[in-house]
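I have placed the structure first, in the form of structure tokens, so that the comments after it can refer back to it.
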Amino acid sequence: MSTIAVEHVARIEGHGTISVSVKDGKLLHARLDVTEPARFFESMVRGRTYAEVPLIASRICGICSPNHTITAIKALEAAMSVDTTPRTALLRKVLVYGSYLQNHATHLYLFAAPDYVGAGSAFALAETHPHVLERALRLKKLGNELTTLVGGRSVHPITAVIGGFTREPPQTELAAILESLRAALPDALETVELFAAVNEPEFETEGDLLALVQDEDYAIYEGDVGSIRGGWRRPVSEYRDFLAESVVDHGNAKHSTVDGRAFAVGALARLSLSGKLLAPRAAQAAASAGVETGTVNPFRNNLCQAIELVDAIERCAGYIECFLEDDGESRPDAVRVRAGSGAAATEAPRGTLYHSYEVDGEGVVRSADIITPTAQNLGNLEADMGRFVAAVADLATDELSALVQRLVRAYDPCLSCSVH
Amino acid sequence: MIFRIMDKTSLHELVQGLVEEKEVVGPVARNGRFVFDRIAHPGELKLDYDTTLLPPKKWLFPPEESMMRFRVADSEIVDDDVHVTPRVLFGLHPCDINGLLLMDNVFTRDYVDPYYAARRAATLVIGHSCTPTETCFCNAWGTDEVNWGFDVFLTDLGDRYFVSVTSAEGSELLDRYVENQPATEADIKEFTRASRRARELFPHALDTSHLPMLLEAKFDSPIWDRLGEACLGCGACSMVCPTCYCFDVRDRTSVDQKSGERVRTWDSCQFAGFSAVAHGENFRADRASRVKYRYYHKQWGYLSKFERVLCVGCGRCTRACLAGISPVTVITELEGGDGE
Amino acid sequence: MRPTVAIFGLASDYGCQVQITNAEDDLPALLGALDIVYWQLASSASLPEEYDVAIIEGAVTIEEHVEFVQAVRETAKVVVAIGACAVCGGIPALAGESLDERVLDVYGRVEGVAVGRRAPRPLSDFIAVDYTVPGCPIDAQEFLGVVTRVLLGLSDPVSDDPLCASCKVAENVCFFDSGEVCLGVVTRAGCGARCVGLGRPCMACRGIAPGANRQGLASVLAERDADLDTVRRRLAIYNSREGS
Amino acid sequence: MSDRVNDVLDNPYVPLQARITSVVDLTDKEKLFEIRIIDEQARDAFAFGSGQFVELSILGVGEAPISITSAPTKRGSFELCVREVGDVTKALHQKRCGDTVSVRGPFGRGFPFDRMKGHDVLLVAGGLGIAPLRSLIDHIRDERHEFGNVTIMYGVKNPGEVLFGYEFESWRTRDDFDLVMTVDEPDAAWKGEVGPVTRLFDGIAVDPSRTYGAICGPPAMYPHVIAEMRKKEMDVERIYVSFERRMKCGIGKCGHCGVGHKYTCVDGPVFSYWEAMNLREAI
């Protein structure tokens, strides 16, 4: 019998406890108990004026706050039929995709990397691999600079509001950060090399993989929802029809299924579905790292995130170039309040993020539904943990425990998000 | 002082010349109001501005400045130089130049403040005439006129400027960049007529005749309690005032605690802890006493030292105060008027 | 001797802990000055018996938190509260007092979920706090400044005055001038009126300034025919504990 | 474009390095520090009068105004008696003999020593208020023949708070000083008076035509002591008081120490009672 129990798994956002138990090659249970306390966001935003909601929703997560902010804004705009300009969309894309730099760099280097060198934390890298830590901090910093430039600060953006932006970043600073982005490509490419070289266990998830998809673009800011196993594509507005949430007994996060089946979201899903649409350098990097469309090894999520670092840099640079040439407006018009309901999804660094709201004629939110990437992943993660442990149960417990934690971290879970 | 006349159209050349030579700071538009900021070309100047958000004092006495840098380990001061950028302050109204004169009294006499003094010495001041606004009451103190404290002053006479020059440097600059002629009898007449016309535009005729005495006599008046209830304790009035000079000094050290700097920042007597000392004693613990002190010091404390009141009637504090506390109403009330 | 430091998260979004990692340029110096012995977000090291300084993010929202922070207080010589959640209740405290409704709302049942829940409270409701770094999120530089003062054994530098003065220094145009309401009038200074500078009125994320005149704000609002109730509700987003 | 101007003028904000040459624990909260300015020229130039203060810095912590407690006649070094109340004073208390600190000054207007000559002197101190008065007492002692009767009244909360007790004992045995002490909370060993310092006035004779008064203590003490002195018909212009206010510069710029229409740092900290009467919120 092998039993693995890890309380308060370290180097993930939020508190959770792993317990897996296998007997005679048969799985008894595999659980990730989310001990993160409930904060009741969906309930708290009820009764609040529409304008306050993105600000509150942003506080679901300190890492992907730009994504929560923008997704809430988009959903409320959908509910009240508020139009925005292409210029606004450009800034939002920089904010949403820019957050990948900070998230992926933090996750890959500060959270995941210590596993590969047998260290307890990334701070130990300062001694053993100083240049790696420096690279991590450079990438992270660039991500923060980007979101600060557009959103006003790196965590919980200020300028993004319903209808547009209260302030635009100064042209000179945008031009400067464009240079920094270009200069950061080598760092991102080296990150891909680093994670491509890692020997990940051979393992495939049984669940489905879901992500936003678009015909022409690596979908981040908008699109339909695509399924790799189901092979289907459906509009975001219908997400409640295909995505079911259920309350579980072991924690405050709900679990999700699609067509009755567990599924995963995140970089792996995005690359599997849209790998062909990567920006040129990212596509090259993916090819040389041996990641092909259809990859379903969840351990490879790390490598996929690394590839996305390259893509995010290329694409953000592109958005900024377009922005600098654009002569439109992003200043919000006064919102015409009207009753309605609306849903929106974006790809947060950790996967598809859904927000939907019902607003009354006074602009007061009457109901809200928020489904975070980690909440969607939890069911699949538990299933993967179980199958993985069952497959390699003969390993020593310590080694097994380390590998399971590595698997959990590869999902880049955000437990505070998952509960919200 | 010499008086010259220059064509209004040559202002552009003057500013262009200055910009090429030095850092030039002047009134520019921001979010529907005006601020004194660096300019790169003459077109940015908005000389028809009303009152800037902050007065020009920030260019001589910045809101935050490092006074010295030091090493912590051996208490060694490693840098106590005063860092100064020579510059031109362009387009100052008479009230703001008077404001500088009042600051000069504090910072360039007894124990000269090297930071202010060095900047003042490296600053060329070019004034510009103005039109009174709703909140202006410089006429009450005579600070609508200014006779020194600047290098060049431009009075708008419609198609031309009446130029008063008080310094050799000002005179040289003028000659270098623009054509100008000596002012004639007629010009001088026109100049006095223009200033008289401006005087008539003032919205208030404030009686300040018994002010210092009244501040003493009405020290215990309920006026102050009422003001204390309204005052938000926010210190906005001090920040926007061209004549408030109080500051705080703090040490900051680097995270490794090896080096540090001593920094001074603007302060306000309206903040609750301004007069607090250790052991919990606070000499002005309630807002009423603090609002009172602001007036008491401006119209009497400073006056007792420098024979002028510490206010130039710019009206910035009137505009900045959300609670509606204004020198005009306070003084009117003290003087026994209805205080509007 | 570097002090040993433990960093904890209660109910929060981890944004303030993330902000610590966001001081990229200063991280090496910070790690040099502090011996971080426990930080679940960044390290697998388990919590030692003893440590000198506790840095706590998040609000107290479950029974377990109460015992936990009391134990922390007994162990640590210095307790630093970071972020609105820990300092004034922040967004978690927006959930209010009657949680059953909320649980039902979110989970469709009240039993077996959100176990141990209790009305969210700031840290200072349970233990003495030596230093506070307010804000949602905290500013990394402000945090570093406070840490430096902790290291030197100096007093908590947090300001007691309202925000408007620094807003004036930043030369923002006041929201009240255009008929909008801004909470900076009663909010604790220290952020440089960041939001106002970016075109949004202050939401009081740094908590209410001890030196603020709330009655005075009420008069200002009444004078301008603003709806007091709306303003009160807005103030409560971060400061639901402070009935106004 | 930034130019450095370092030869402008002496910078009155920049402190001098100084060495602590002795530290004496006086009570639980107060220590006596002997300070020696390191630069010889500056040390020789450092001349002050009783009642003046220095700005003492611990670089990295801050600055605090502290009265000089030694007599102007003591050359080469001076003494500060400091109570630990906050950041700077705490940091100072952690310093040892041989450590460096930084000082500026001397600043302010002290007691009118020369005018006091040829007169009787009545000194009243409460608690830490003895610090500036000790400078005056020591100065008088050094030029004792210039003065008439010298009476010192000293009140503290309890016997453990008596500062410079060892010195007072030696004065008590000299017959040219009259020293009376009182405490609010006596212990078994206490031999002096009990009660507020004003009680000490009952037993003394004052010749108002030839007596100067000097008072320093907590703010609440002033009105009572002054009332007693006035009862003895002492002249308002011959009573001197020393004030404590918040200070950030010591040189009349920062504005914190405003008392009435004056500044404590440059117009005081020592004021005649006549001046103080005309300063709002002073007493």
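Labels A, B, C and D are assigned to the chains in the order they are written; within every chain, residues are numbered from 1.
Please note the rule applied: a contact is a pair of C-beta atoms (placed from the backbone, for glycine too) under 8 Å apart; a residue touches a chain by one contact, two chains touch by 3 or more.
Remember, predicted model here, so these are calculated numbers, not experimental data.
Novice: Which pair wins on C-beta contacts, C-D or B-C?
Specialist: Here the pair linked by more C-beta pairs in contact is B-C.
Novice: In whole angstrom, how far does the Cα centroid of subunit C sit from the Cα centroid of subunit D?
Specialist: So the centre of subunit C lies 43 Å away from the centre of subunit D.
Novice: Which integer distance in Å separates the CA centroid of subunit B from that of subunit D?
Specialist: 38
Novice: Could you state the distance in Å from the CA-based centre of subunit A to that of subunit D?
Specialist: 66
Novice: Touching at least two other chains at once: which residues of subunit B meet that condition?
Specialist: In subunit B, the residues touching two or more other chains are 250, 253, 257.
Novice: For subunit D, jot down the residues that touch at least 2 other chains.
Specialist: 60-61, 86
Novice: All pairs of touching chains, please: list them by chain label.
Specialist: Final set of chain pairs in contact is A-C, B-C, B-D, C-D.
Novice: Name, in rising order, each residue of subunit B that touches subunit C in their complex.
Specialist: 30-33, 35, 53-54, 63, 229-236, 238-240, 250, 252-257, 266, 268, 271-273, 287, 320, 322-324
Novice: Enumerate the contact residues on subunit A facing subunit C in the complex.
Specialist: 8, 10-15, 36-40, 42-44, 46, 48-49, 52, 55-56, 59-63, 65, 102, 106, 110-111, 114, 120-123, 126, 137-138, 140-141, 144, 152-156, 158-159, 161, 166-167, 247, 249, 252, 254, 416-417
Novice: Mind pulling up the subunit C residues that touch subunit D in the complex?
Specialist: Residue list for subunit C touching subunit D: 152-155.
Novice: For subunit B, which residues count as touching subunit D in their complex?
Specialist: 23, 67-68, 70-72, 74-77, 80-86, 106-107, 110-114, 117-118, 121-122, 216, 219, 245-251, 253, 257, 260, 262, 264, 267, 269, 274-279, 281, 283-284, 289, 293, 296-297, 300-301, 304
Novice: Subunit B touches which residues of subunit D in the complex?
Specialist: 1-6, 8-15, 17, 57-63, 85-86, 89, 100-102, 219, 244-246, 248-249, 251-256, 258-262, 266, 280-281
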